[in-house]
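First chain written, first letter: the chains are A, B and C, and each begins at residue 1.
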């Protein structure tokens, strides 16, 4: 567990010490890249280091700058400032057709007047490969995405999922050093998505290519990526593995963006090296956090705890801290689990998740029941921004 | 490395080749000719080839610029010219109005058809303009003559006893212009109307608006760009029309296009014709600029 | 408005509209088969005027000249028009873009007498300086290209701006430079618009009488010029015959074109249905 909360995201790589070997296996380096459009700053002094073989996700809402950054990597936008290095090579002055990377577009952009085969072969033809070499490679690609039978079809004769595979095959055909994915699941319907997410990861890992993907869908990023960069209004707020970001968000933004979270405002009461207590007007007893943080007494902070970490029941738990009493205001039933919304006397509403196989279900918690919620010493995170 | 970059920056890329070819053509054969017309409008008629005097003369080591304003003077003093200009604008404006009156319902109705029928209907509207303009005007001669089809029909039906004098009157010119330019009115109107969101009207009906009211408060204002484009596409060339007034109009159908033609072909007075052209251009400048603004946005693909 | 009233209003408007547009044409065609010389009094069915038409050497020669000019006009206009359309839709602001835009859109509405006069005077001036002929087939070609390039640009621009930009970006990403992208990807996809543009320019050129009159030389009389001079003298059934032929050709071409597009569209829909059903 990280001993200190990293400082709020300001573009620097904030993964913990053990994983940052700066320079050594940095395959893609984005250095101080900035992109402005007529005075509007789309991407603001970002720095990222991406390792070979990673699947790296740029996650953010619209206007976060993620797509702009991707397009800078691809060469469709010229950064206002900064440099981009891929495998040691400076990309800035290279036009898109000279960069050793390929992109899979959100709309797939399959050439409508060409067959599947011709689409996949297009990039290879530009390199001037022999007919035989092209044919073999196309065959290999079709086998990789399992579309061998559809080689002679045209894009409009394919379903959405099939088109996606062709787009993927086409972008992998040249064996690029970097694969860029622009909202890869954006055009698929929900049912196909989860299935395709894992398949896509399999194919990418099989081909061993380094991948940067852009998405607004946090589930997609969490499922597919090895590391995620959370972006907001041109800034990178946090970089880390999916579980790092989920369990250790470094800001309110990060905590709220991924999944649901209970955020309680309070003030640091006791600040010791191995524990911290926080007083909040919302809670009857203080919050006890089982590790030290870099803060000070009297500092205003937010305490974040995920809904699935909470215990809920009619009996008051024995622990001295980390509990509160309230009334069940709403129960949202999701089939596999339920979310209990518990209203505290101070007005704050806790969200508590439960898989419906738990024995609480048999305890018959229902609307307007008075219940206690509680959590463990290390179940939550203290946020200072 | 540095030198190569410098050279690359200095030489115009393929981008400039793409821009310059059409640019130069149009400059040379569309824009600059107007300057030449301007120059010759200051010239005097001469029995020479070409039939005008040069305006720049180098005599006795003196360079003189002779601007003959006689042509312009004639335009403003001779009432015939003034009348022709006014009459042209009047005829063009009235024809445009009727073209709008007839064309708008047609465009509206077609825009409301189901998509498959729409395309066929529009094709049928545009098809006549693919056949010869000249011949379609010619067709009206036979119809509007004193012993032409229309009069014969009306007389046979007993509606009139004497043939109506339509051909060789301004009335025939009106009919001709509306007929010839109707597709040009319908097309931009249709392009605009077909983009309208039906749900806006449905919302209006839901809120209690009667159909006519909804039309006037919602559809009509939204189709403004189409109306302007259509009217400009009809009115501006109609002002300078020659063929229609020549074939269908009579001696009292004064249109400035005819005046220009006569000056050039009958009087062989190139300078006079040039002056007529320049004044016509000046008159049309504002409508042309309006049309230009609307059309450029369309070309670039931006929605107005 | 009730469905029924809306439907009958539609039929009424379309009925009158199409009647207005097509009756004169139909009348023209009918009277081309009229026995009598008087083109407005029906005296019997005859095809003799068609025979006369084909025996008219001057008319045939003029037709040939017009066709040649129209062909070369359309071809040049498509090339220039495609370039112009690329500039208007694909290029960001550059210094002369507004002027360029004005140069492209103005010919759409400019009265033909002005275009004809100005180009003639331009060619005469050029002729004085460069010693080139200022009248004749080449002159007509130049004038016609200038007239039609705007129309072609409009047609192609509309298709280009609808084209998904990511198709061109994908091609660049895969290694094709801008030139290759244009010829391998953009051009094949917008080809139907190019064909439309070509046909439009062809028609406009074939039909022009005003501009041609200004710049035609003594030996380059075009068909419309011939028709015009004939028509000024009065009605002539030979012209009716010519008209009918032209209308028939255009209608046939339109029909064929429409049928081809219809078939293609039906096939596409069938393919997409198949793909959906398979759901691979």
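Assorted remarks:
By definition in this document, a contact is a pair of C-beta atoms (placed from the backbone, for glycine too) under 8 Å apart; a residue touches a chain by one contact, two chains touch by 3 or more.
Since the structure is predicted, the reported quantities are computational estimates derived from the model, not experimental observations.
In terms of the distance between Cα centroids, chain A is separated most widely from B. Located most centrally within the structure is C, per distance between chain CA means and the overall CA mean.
Centre-to-centre, using mean CA coordinates, chain A is 55 Å away from chain C.
One inter-chain figure worth recording: chain B and chain C are separated by 17 Å, centre to centre, where each centre is the mean of the chain's CA atoms. Chain A and chain B have centres, each the mean of its CA atoms, that are 59 Å apart. Chain B makes touch with chain C in their complex at residues 14-15, 18-19, 21-23, 25-34, 36-37, 40, 50, 102, 105-106, 108-110, 112-113, 120-121, 123-125, 127-128, 130-136, 138-143, 145, 147-149, 152, 179, 182-183, 211, 232-233, 236-237, 239-243, 246-247, 257, 260-261, 264-265, 270, 273-274, 277, 280-281, 284, 287-288, 291-292, 295-296, 298-301.
Residues of chain C touching chain A in their complex: 164, 166-167, 169-177, 180, 184-185, 188-189, 268, 271-272, 274-276, 278-280.
Residues 1, 6, 9-10, 13-14, 17-18, 20-22, 24-25, 27-28, 31, 39-41, 80-81, 83-89, 91, 94, 96, 98, 100-115, 117-119, 121-122, 124-125, 128, 142-143, 145-146, 149, 153-154, 157-158, 160-162, 178-179, 199, 203, 206-207, 209-210, 213-214, 224, 227-228, 231-232, 235, 239, 242-243, 246-247, 250-251, 254, 258 of chain C touch chain B in their complex. By the touch rule above, chain A contacts chain C in their complex via residues 74-76, 95-99, 101-103, 105-107, 109, 111-113, 122-123, 126-127, 147, 150, 154, 156-159, 161-162, 170-171, 174.
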